[in-house]
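The structures come next, written out as structure tokens.
Each of the two complexes below includes chain A, the first together with chain B, the second together with chain C.
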Partner chain A sequence: MNTDKLQFTVPPKAKMASFILMAIGLISIIAMFMMDTNEDPEYNHNRAWSNIFSSAFFFMGISLAAAFFLGLQYAAEAGWATTIKRVMEAVTMYLPWGLSFLMLFFIVSQLHLNHFYVWMDPTVAEHDPIVASKMGYFGAFWWIRTVLYMIAWIWFTFKLRKNSIDADKLDIDVNNSYHWKNVKLGAWFMVVFGVTSSTSAWDWLLSIDIHWFSTLYGWYAFSGMWISAMVTITMLIVWLKKLGYLDFVTESTVHDMGKWMFAISFLWTYLYFSQFMLIWYSDIPEEVIYFQTRWESYKALMWTVLFVNFAFPMVMLMSRDSKRNFFFLIFVGTIILVGHFLDVIMMVMPGTVGHHWTGLSWMEFGTFFFFLGLFIYVVLNALTKAPLRVKNHPYINESLHHSI
Partner chain B sequence: MHAESEIRDPLILGSKNYRQITDDIIAPIEGKAAKGWYVLLTICALTFLWGIGCLAYTIGVGIGAWGSNNAADWAWDITNFVWWIGIGHAGTLISAVLLLFRQKWRMAINRSAEAMTIFAVLCAAIFVTLHTGRPWLDYMLFPLPNQFGSLWPNFNSPLLWDVFAVSTYATVSIVFWYIGLIPDFAMIRDRVIKPWQKKFYGLLSFGWGGSARHWSRFEEVSLVLAGLSTPLVFSVHSIVSFDFATSVVPGWHTTIFPPYFVSGAVFSGFAMVLTLMLVVRKIYKLEAYLTIKHIEYMNIVIIVTGSIVGVAYLTELFIAWYSGVEWEQYAFLNRATGPLAWSYWAMMTCNVISPQLFWFKKIRTSIVATFLLSIVVNIGMWFERFVIIVPTLLRTFLPSTWNTYTPSFIDIGIFIGTIGMFGTFFLLFSRYFPVIAQAELKTILKQSGEAQKKESANHSHAHSHAH
Partner chain C sequence: MATKQIIHGVFGDEVPMMEACKKLRASGIRVKDVFSPFPVHGLDPVIGVPRTRLAICAFIYGITGTSLATLMMWYMQIHDWPADIGGKPNWAYYFNIPAFIPITFESTVFCAAHGMALTYLLRCWLVPGAKAKNPDPRTTDDKFLVYLELNDEQAKKADAILKDNGAEEVNYKGTLYIEPAY
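For the complex of A and B:
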């Protein structure tokens, strides 16, 4: 095996690309704040702020769900993905960055520099009895939860990574002690994540539409993160293989990642459809308002999201050959990734921008590019920090010989 | 060639060879049945008969014989229907989803779990046919030409979707189960001596020859069926949940229902598989194939699905408060503190708290604890459906229509009867059909047999010392 290929160095072109993306993004963000105005005095750059939040949340979600998937591998005693563990770990390393941007955003919102969360404005509860009835859950309690999620997620992610790297430093890990540590950690992370993935979705996303509620919402938000993470990891593996790295990752492993992309696309669709259909069918005014706004002012986007995230991957990833074709995986993956970014836009914009929406524009993509550039930079940099193949891992042989 | 890590526990204990596996699994079919089998069969058959009596009485006098009333127009009938359908889910999950996930441990339990699925669906079918009140008109559930009668079924109704979902599910499950049985029937055909037995198993085995081409087709069909059944695992119980969630009834209309019902179904299904397999393991002495590790894996599935159900319960409670909708809030207050509050707390204890005991390795590897907890979970999941249906219907929007509910002895009789029927069928199955998919099991012997694993470990150690 070509050992020098175990150490990744960021290709100058990729580094350049990430800087260019960030520069374009930064210019777009500045331009967006200057141009996103409205005759409504309450509007207050709503769309610009919503864009910042959507992109920051989308990329944070990718690394959070990657951490979930990594923990799941340990908890489920899965062996097939051992050769791609380092790629997953690198994706999780963006988590503190993603969470920092969200934290900054929340602080800015709390300082009333925007109208993103209406409940942050104390005057709203005075004349809105529904908001008033929920205030016990928001305010200080909301802040405590937000800080706790962030600490817990970062702690688990870093601990999983640290154990993995420490195991590499040993000549031979006789009792697989680091592996068993991560198994325990992974199981506990599943428990913590199982609760906080829902509650954080209520706190950060559901509360945008403060009057609206849906019990499925947390799982639906999570499924969107999960599929985005699977797509990102797959595309990263394919790209690294093209560069000549990861020659020890078998085609079967890539095929399995393709299956995950296919399967989680269905999971997302299942949850999206369940939520939509039940609300549409019962037609209760308090609930149906959510989709009514979307149907009236975001119809094209609503259909695009459903088509790109459901029909498209279903048709394109159905066959075995397509899941083993690198061009196909990159092509389908890029489109799905954009599709799920648009899904986040659909979760956010109708509640903040509402009927002022004028259709997708450079503002959405400009902001997206900034965070994409940063994400690429951070993840590729994290990839250089450790060998691409884990050394002392009890399942590494299973994964090296993985063949289906 | 697949590699298997040394740290994985063996799935076949002792030093078995292919011949011994055949001998062990065919033993109940070739040998005389144990006394325990006859005792259990008699009990089950008598209960089944009692159920048939209650069922006949219901058909004779109408469903006025039940405890259902104007408020609780669904009660034990739909509770039992959903309970049985849910139990069936583990079979499909084990055979389809775990096949796609390449979980080798499924091979010890898939055959029995699939059989269980089919029997459970039959039990469920009894309640769903009977609850219409006039079962002789049940053909109206199917889309028939208009000349046949004046009414088309209402395609907007989730009750009709249920007819399609459950019948598709039953069909695919039977096909899946049968395809898996073919090589095993052939094995029995080649072993039995009596001519009528040879003929019988020969017919059942469809002329299986065991050639490479047969196996290749067998595996292909298994994968295709697994692909078809995986959506079914989700669709059936999602559609059952739509029966409730498409309504505007507080406590029923909630969007989390589909995935939460699916998870609950797998939860109860695994509990039932454990209850049955622990008995089968004991009666037929299958300790080498159904190891403690298998039990542990199943218990882990129970913790996971039970916790998902727990999160869903809490989500419902939270969102009821958060929504600010008084009706919604009252529905849950009524469940937790109303006249039937004991059933709510029975559900919470059995489904959310008790499975958490499996976090302790001592408990999840203990056979007695597992057996007891599996029954507790089954009880809890029955109460879950009861809590969703009865207390909710007893107190809807108009207090003047509020009512109370007590089941009649006919209700109880039919329910107990289906348990008897389920037991009878399962006992007959375990006597005449191979309870473990021996042909599939043999494919993992080289990697996961205890002796084989030890041998390959010694080999690789010797290898590394030579360097």
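For the complex of A and C:
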């Protein structure tokens, strides 16, 4: 095996691309704030702010779900993914960045520089009894929860990464002590994440439509993050293999990642449809309003999201050969990733922009590019920080010979 | 009349067994079958077993399930006795399609899964009362058995390859008469 290829160095082209993306994004964001106005004095750049939130949330979600998946591998004591552990770890390293952007956004919202969360405006609760009745859960308690989620997630992610790197520094880890530490951490992270993934989705996304409610919403938001994370990790692996790194990752491992892309696309569809069908079936006005806004002003986007995130991966990734074809994985992955970004747009926009929506434009993608550039830069930098193959891990041999 | 010898190469571990299979195939000897106590990963391509066609069956069974469920629900709920689904118009199937999707999905999975299982069991003839086909009962415990049917010349070669690669026993289990093709 070629040992010098265990240390990743960022190719200058990739670095350049990430800077160009960030520059395009920054210009778009500035232009967006100047151009996104209309006759409604209450409008207040709603679309621009929603775009920033959507993109920031989407990329935070990728690294958060990657951390979840990493923890899941430890908790389940799975061996197959050991060779790609460093790639997952690198993706999770964007988490503090993503969360900082969200935190900044929340602070800006609380200072009333935007009208993103209506309930953050104290005058709304005065003449809206429904919002007033929910203010015990929002308000100060919302802030406490938000801070707790962020601290907990970052703590778990950094601890998992630190143990993994510390284990590599030893010549031989006799009792697999670092591994067992991570198994414990992973299991606890599953417990914490199981609760916080739902509640954070309620707090950050569902509260945009404060009058509306859905118990399924947390899982729906989480499944969107999860599939985005699986796609990102797969594409990163394929790209690294193309560059000549990750020789030791077998094709079966890539095939398994393709299966995950396929399976979690179905999970997302299952949850999306379950939420839709229950609301459609019971036909209660206060619930139906959520889909009515989407049906009236976002119909094309709604169908696009459903098609791209369900029918497309189902047809394209069904056969074994397509899951082993690197070009196919990149091609399908890119489209699914955009599809799930549009899904986040669909979660956010109808509640904030509503009928002012004029269709997708450069504003959405400009903002997306800024965060994409930053994400690429941070993740690739994190990849250089540690050897691409874990050394002291009890299942590394199993993973090196993974074959299905 | 051509004769073939039945040879059992018995191994105590799967790694030398795989190695022996690779060598046998490389010297042009057909490995008829391998019996092992557990599924050995990566063995199929080594002994030249073609890829399973069960996935194609699964697809056909799944499509059948989808069609059957659609036909059933259309006949019951739209055609024969139009049912009131949540107060929604019921003149056509597509008006109420969200209500039909769970059943379509379940039926697809049901038909695909049962069809696949039955196909597998019938194809391997694992039916009640079927006689066990493993040639040596120790393969259900801890031994790996390479099953060969070879002519005398090939048998000599195979014998040497098996023994060189750590076969614990090479058993000759009689001869097989093959009717010449006229």
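Throughout what follows, the second predicted complex is superposed on the first by the 404 of 404 C-alpha atoms of A that agree within 3 Å, B and C clash if a C-alpha of one lies under 4 Å from a C-alpha of the other, contacts with A are read in each partner's own complex, and residues count from 1 in each chain.
By our rule, a contact is a pair of C-beta atoms (placed from the backbone, for glycine too) under 8 Å apart; a residue touches a chain by one contact, two chains touch by 3 or more.
Small disclaimer: the values here were computed from a predicted structure and weren't measured.
Participant: Quick one: on chain A, after the overlay, do chain B and chain C clash, or do they fit? Just give me the call.
Facilitator: With chain A aligned, chain B runs into chain C, so clash.
Participant: Given the touch rule stated above, what does A:W303 touch, chain B (first), chain C (second), both, or neither?
Facilitator: After superposing on A, A:W303 lies clear of both chain B and chain C.
Participant: A:S214 in the overlay: touching chain B, chain C, both, or neither? Say first, second, both or neither.
Facilitator: first
Participant: Determine, under the contact definition given at the top, whether A:W155 touches first (chain B), second (chain C), both, or neither.
Facilitator: Touch partners of A:W155: none, neither chain B nor chain C.
Participant: Identify the partner contact of A:I130: answer first if only chain B is touched, second if only chain C is, both if each is, neither if none is.
Facilitator: First partner only.
Participant: Quick check on the superposed pair: does A:N397 touch chain B, chain C, both, or neither? Answer first, second, both or neither.
Facilitator: Only chain B is touched by A:N397; chain C is not.
Participant: Is A:S282 contacted by the first partner chain B, the second partner chain C, both or neither?
Facilitator: A:S282: touches chain B and chain C.
Participant: Given the touch rule stated above, what does A:E77 touch, chain B (first), chain C (second), both, or neither?
Facilitator: first
Participant: Residues of chain A touched by chain B versus by chain C: which partner has the larger set?
Facilitator: After superposition, B is the partner touching more of chain A.
Participant: After superposition on the shared chain, which partner residues are touched by A:G194: those of chain B (first), chain C (second), both, or neither?
Facilitator: First partner only.
Participant: Same chain A residues contacting chain B and chain C, which ones?
Facilitator: Looking at chain A, the two contact sets intersect at 277, 281-282, 401, 403-404.
Participant: Where on chain A is chain B touching in the complex?
Facilitator: So the residues of chain A touching chain B come out as 77, 79-80, 130, 133-134, 137, 176, 179, 191, 194-195, 198, 202, 213-219, 266, 270-271, 274-275, 277-279, 281-282, 284, 286, 394-395, 397-398, 400-404.
Participant: For chain A, which residues count as touching chain C in their complex?
Facilitator: So the residues of chain A touching chain C come out as 273, 276-277, 280-283, 319-320, 401, 403-404.
Participant: Note which residues of chain C are touching chain A in the complex, please.
Facilitator: 41-42, 55, 85-88, 98-99, 101-102
Participant: Going by the contact rule at the top, pick out the chain B residues touching chain A in the complex.
Facilitator: 1-8, 102, 231, 234, 238, 242, 245-248, 253-259, 307-308, 311-312, 315-316, 318-319, 322-325
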